[in-house]
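Next come two complexes, and both contain subunit A; in the first it sits with subunit B, in the second with subunit C.
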Partner chain A sequence: MKTASGPWMATRASERALGRIGLYAALALAMFFAFFPIYWMLVTSLRPNAEVFAFPPTLLPQTLTLEHYANFIKNPQLLVYLGNSVLVATTTALGSLIISVYAAYSFSKFRYTGRRALMFLVLSAQMFPQALLLISLYLMFSELKMLDTYAVLVLSFTTFTLPLCIWMLKGYFDHIPTDLIEAAKIDGAGQMQIIHRILVPIVRPALVATGIFAFMRGWNDFIYALTLVGKSKQTLPPGLVLTYIGEFQSQWADMMAASLLVSLPLVIAFILFQRQIVSGLTAGAVKG
Partner chain B sequence: MNAKQLTRSLIAAGLLMGSVACGGQAAAPAPAAATKAPAPPTVAAPAEFTFTGWAINEGASKDVVTGYMKAYGASKNAVIKEQPYPFGEELNQLVLQASGGSAQGAAQLDIAWLATMAATGKLKDLSAYAKDRGYTQAGLLSGQIKGVQYGLPWTTGSIGLAANKQLLDAAGVTSMPKTVAEFEAALLKIKKSNPDVIPYAGMTAAAQLKDILFWIWTFGGTVIDDKGNVTLGDAGSVAALEWYKSLLDRGLMNKEMDRFTARQLFSQGKVAFYDDAIVMKGIVTKDSPVKNLGDLIVPVARPVLKEGDAPQALLWGHIVVVFEGKNADAAAQWAQHLTSDLGTTTNYFEKLALPPTTDAALKADLVKKDTFTSDWSSKITASAKANPFALYAASARMESILTERVNAYLVGSVPTAKAALDKAAADITPLLK
Partner chain C sequence: MERVSPIAPATGGRRQRPGRLKDTQTAILLVLPAAALLLAIIVYPLLNSMLIGFLDKSLIYGGGAFVGFKNLEAVLNNEFIPVLGNTLVFAIGATLLPFFIGFGAALILNGPIPARGFLRGAFLLPWLVPSVIASFLWLWIFNANYGVLNGFLRSLGVLSQNNSWLSSGGSAMLAVLIAKTWQTFPWIAVMLLAGLQTIPADQMESAAIDGANRWNRFTHVTLPHLRNVIGIVLLLSLIWNFQHFETIYVMTQGGPAKATTTFSVAVYQTAFQAFDLGKAGALGILWMLLLSIVVIVYLRFGMRGEEDFA
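For the complex of A and B:
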């Protein structure tokens, strides 16, 4: 039976098609903003120096070269910075995870006086401009004769990673039924056994997400790593600037090649753990 | 102000407030007459101290300067530890170290940073080390604050105008412009002759708009007058800024031009005129696709508003300061050697084209025969003036305020040059105290 729904259906179909086009256009725009800087880094790192500053610039390189990647590998000081970054970021991630697991468990599963105040106090550390905290931390570490040590970097980075780590893990712990903990207690498990043998395996995805967040903080920091330690203990971000940017130099192609290379560990970590990261980050987002 | 500038300003402001609050006496060092300064004491070897600077880690200068450090250390039985910072970060780092009490040894400074560092009260008076070493008067002045010799001059030059003669010839510009009107006419000719060439790569990126200073002077402005009043917003400064924007509006300059980009474009033969420090020749000729670019570069006396005016340029240079504390005398002797030893300073010039600061080095054959340097010195450096903000502890913030307001006018967010400069004057005035 023919009805008046024909034109109506056609309108709906065209609206859906338009909606899809709009969606794809928005996605394409978002992709452009996300990936164009990476594309530009890549092509800059593959161009010879003369072409990097060619005016007007071209989207595609006219000549390809790997000399900037070779320059990174041949520079022993950059490998020192790389080693420092691995050491400091890994220690920061591990330290942050260890402390935040216990803190988050406490905030999530115990009720005591001052708990909420303490939770917000921890969070408030995130609310100060880090540049201002740097001054007070520098003066404090200077008094303690701790400047120019790896410990000073790990302590500083952990200061900034802990609040978010604790809140991320608390969100995950909140979803674990208290009955499970009660059952473990009835079976004779102590608090440490409950945390280590029951809860930690359950919250593994959140631990991965949190650990990577803390690792990134240590890996990417510039100003603390520049200020608190000397050249021998500096990490990659200040090391790269120190090596490539100055009053009379701007080796952008070398800088882009080095930046891409040092981003690889994080990219690989994301690819390997993407499932855990997504589930870890979304845990606690919806009240179940 | 971008995030990085904001961060720097926060650090600098916080540190200065802290140092003033915690050490009022230290913030106002007592002037000392150079003639009454004690003779340098003998230093017991071996002495260990730090040398902080960007030259010890930057491109061409790295091997040269670290070589001097090693040679000096071996000959004097001293241990000089390297403490490199990127050029753009060093001032904040040194102020932080001085405030935290960990600054020590010697440090390379841009001359524009001296007042800020002197305000920390941690710099050693180097008058005794400056005596009888043959430093030029201009060099010595670049290291003084209120008559105290805090810095020994390492290199003294200027930021001036350079031209690519080949591009000028091609456009039919047969003589160097002497007045602003001639300069403008030359730029128009170049634009007409080859639209792909940027006639004047004047600084238009916010971070480097301090270059407006020499144009303000050219148009009769003073920025800060003899009585210490900020005069931005006067007829000269307004005319300079309006003229500068008109170059941009007419396509004679490019938007968002910074020094690095200007150098690269000049190096590729795409820029006819631009402003840079005297060391520009070595930088732009390196990896340049233009054959014999070095022979085509001409230092140009900045065009004046009317004939008879003095060409304007900004004094530029590096000094070496020493922090009070352990082994300060050893560090001062190193600073003295680095900046005045004849062999070291002429070698420094030979390797990096950075002009020396002693009469003996300037008279050395190597330096005298360098026609580019002597041309630049006579045409540009001879009449160069110090940054008017450089005398004040908050100089970095003052300069930043000026560049922000100038940028606001250039990008059109402030309607008139007068409004932009009046606002800059109002914001800078409280910082003079």
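For the complex of A and C:
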């Protein structure tokens, strides 16, 4: 029998070295795939058009300019889209959160007939195709004379934010001991007091994470804002498509500057709330 | 980054027993606003959209005469098969490509690499970019005249002249898939990484001591441990990709020559560009039928062990 320090150890050591090299090579490849497009977005947005339209492109910018960012700020229509996005995504997130707190509490801490059916609906609601839903939403809101209003955007965004918020919050409420609520009841607290004075403070971080997810979904929506409202109420995603795929076709650098600006709020939110966002993500309730 | 279990939210602590609160009236009042909204803006419109599939209805001229299976028949005889084919290629491609890349990324990010905590966060960047923006970005990368991909391939000598990637069916589908892969692989990486972090270190060690090499440890310890997360990730991806709209619509509008027209694009264009609501509804019925198969599998699978659904 060989001793432990024989060829066996040598194989282990070389295997480990080889593994380390392979790991770093794979890391480099993955980083290139993940980050090169973002680098390219940034570089394109910062170089003058003369360089943008040079072929083959140089990997490093020769001169830097902020003109494409200035073009965004100087375009009043883009600022309208930006304002609409902020208004509608925020309103939707807050509204959905408020309604969801009560629904999630009801699902988490009570047992009654119809509860399972409703929860099933909430879970599957996130899997219904938007394009199909849109047909009837359009007809319905058209009949109610609500097309081209902020209300229609908030309501249509609620079709995906509400199930998301209910499902996430229910998950968090499930971890709050029922005894705590029973004790508060014995102390004479009403249900509303229990929710507002006990539950909400406990799950505040969860509310923040859920609110951010709802905001992101609203911020990213394309199909509803494209169809249900006109230019004055449209949000950034359809607005930018109409601008850069239509009106100002092939203004690539302007498009990349706008793209960075639109992504920035999400990146900042992520940096601030990374821990909550990652744990919300892995809870499996959030669209990837 | 803290350890998170793949399924339950990471608020810590054990899961509580089902609530003992029996105040049914309060419970129903609490859930009422949400339930009413869901019925009004999801259940009713969805059923109505499918009902429209049996009507002769136009977005411009109105109408609404019952025509039975006429729309379904027309759709089945025309666009259904190609649209189904494109949807399957997109849905399966946009599930498997990010899955393998995301799995690779998760294994890398779980390994002994420098700046691991930072990289775990940074790798989520593509996921944070909105779909429409990711589509813009890849449109620019794939651009025929000035795109960096053609620039790369030309300077490497792989191409002798610029290729216009989005003008031929096959490469257009591939371009859309790559854009979607770039945007979603981080989500899969995060999900699988969370699963990898729950594998007990001593299981790995004892397998190594037993002489299992890297590959055997992967197939005998890692994969079985991740089985649930992998199932959830694959099914959810499939469901979402089966109805994905933005990337395709922004990058190709379903073209060239309808080569990337999936159900979502077809339903949208039939309803809002050809104004034929009846036919769009009929396509929607078929779409929902196929989608519900995957959804039912998911609900069965995802709810296993969820006491609430037991």
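Keep in mind that, in the parts below, the second predicted complex is superposed on the first by the 238 of 288 C-alpha atoms of A that agree within 3 Å, B and C clash if a C-alpha of one lies under 4 Å from a C-alpha of the other, contacts with A are read in each partner's own complex, and residues count from 1 in each chain.
Everything below uses one rule, namely that a residue touches a chain if its C-beta (ideal position, glycine included) is under 8 Å from a C-beta of that chain, and two chains touch if they have at least 3 such contacts.
On a predicted model such as this, the values are computed, not experimentally measured, just so you know.
Engineer: Let's test your reading of the overlay: on subunit A, do subunit B and subunit C clash or fit side by side?
Structural biologist: Partners clash after overlay.
Engineer: Going by the contact rule set out at the top, does A:Asn49 touch subunit B (first), subunit C (second), both, or neither?
Structural biologist: A:Asn49 sits against subunit B, while subunit C stays out of touch.
Engineer: Which holds for A:Thr243: it touches subunit B only (first), subunit C only (second), both, or neither?
Structural biologist: first
Engineer: Considering only the touch criterion stated at the top, classify A:Lys231 as touching first (subunit B), second (subunit C), both, or neither.
Structural biologist: first
Engineer: Hey, is it subunit B or subunit C that touches more of subunit A?
Structural biologist: Partner touching more subunit A residues in the overlay: C.
Engineer: Figure out whether A:Tyr150 sits in contact with subunit B (first) or subunit C (second), or with both, or with neither.
Structural biologist: neither
Engineer: Pick one for A:Phe273: touches subunit B only (first), subunit C only (second), both, or neither.
Structural biologist: After superposition on chain A, A:Phe273 lies in contact with neither partner.
Engineer: Quick one: classify A:Ile135 as touching subunit B (first), subunit C (second), both or neither.
Structural biologist: both
Engineer: Now for A:Ser108: first (subunit B), second (subunit C), both, or neither, which partner does it touch?
Structural biologist: Second partner only, subunit C.
Engineer: Going by the overlay, flag which of 95-103, 113-121, 203-211 or 275-283 in subunit C ends up clashing with subunit B.
Structural biologist: 275-283
Engineer: Please report the subunit A residues shared by its interface with subunit B and its interface with subunit C.
Structural biologist: 53-55, 129, 131-132, 134-135, 138-139, 223, 227, 238, 241, 245
Engineer: Could you pull out which subunit A residues touch subunit C in their complex?
Structural biologist: 15, 19-20, 23-24, 26-27, 30-31, 33-35, 37-38, 40-41, 44, 52-57, 99-100, 102-103, 105-112, 114-116, 118-125, 127-140, 155-156, 158-159, 162-163, 166, 168, 171-172, 174-178, 181-182, 191, 203, 206, 216, 219-220, 222-223, 227, 237-238, 240-241, 244-245, 252, 255-256, 259, 262-263, 266-267, 270-271, 274-275, 278-284, 287-288
Engineer: Tell me, which parts of subunit A touch subunit B in their complex?
Structural biologist: Residues of subunit A touching subunit B: 49-50, 53-55, 129, 131-132, 134-135, 138-139, 142, 147, 223, 226-227, 230-231, 238, 241-243, 245-251.
Engineer: Where on subunit C does subunit A make contact in their complex?
Structural biologist: Interface residues on subunit C, with respect to subunit A: 1-2, 4-24, 26-28, 30-31, 33-35, 37-38, 41-46, 48-50, 52, 59, 101, 104-105, 108, 111-113, 119, 121-133, 136-138, 140-141, 143, 145-146, 148, 150-151, 154-155, 162, 182, 184-188, 190-191, 194, 213-214, 232-233, 236-237, 239-240, 242-243, 245-246, 249-250, 263-265, 267-268, 271-272, 277, 280-281, 284, 287-288, 291, 295, 298-299, 302, 308-309.
Engineer: Which bits of subunit B are touching subunit A when the two form their complex?
Structural biologist: Residue list for subunit B touching subunit A: 6-7, 10-11, 14-15, 18, 54, 57-61, 82-89, 93, 96, 99-102, 110, 260-261, 264-265, 267-268, 270, 279, 283, 287, 289.
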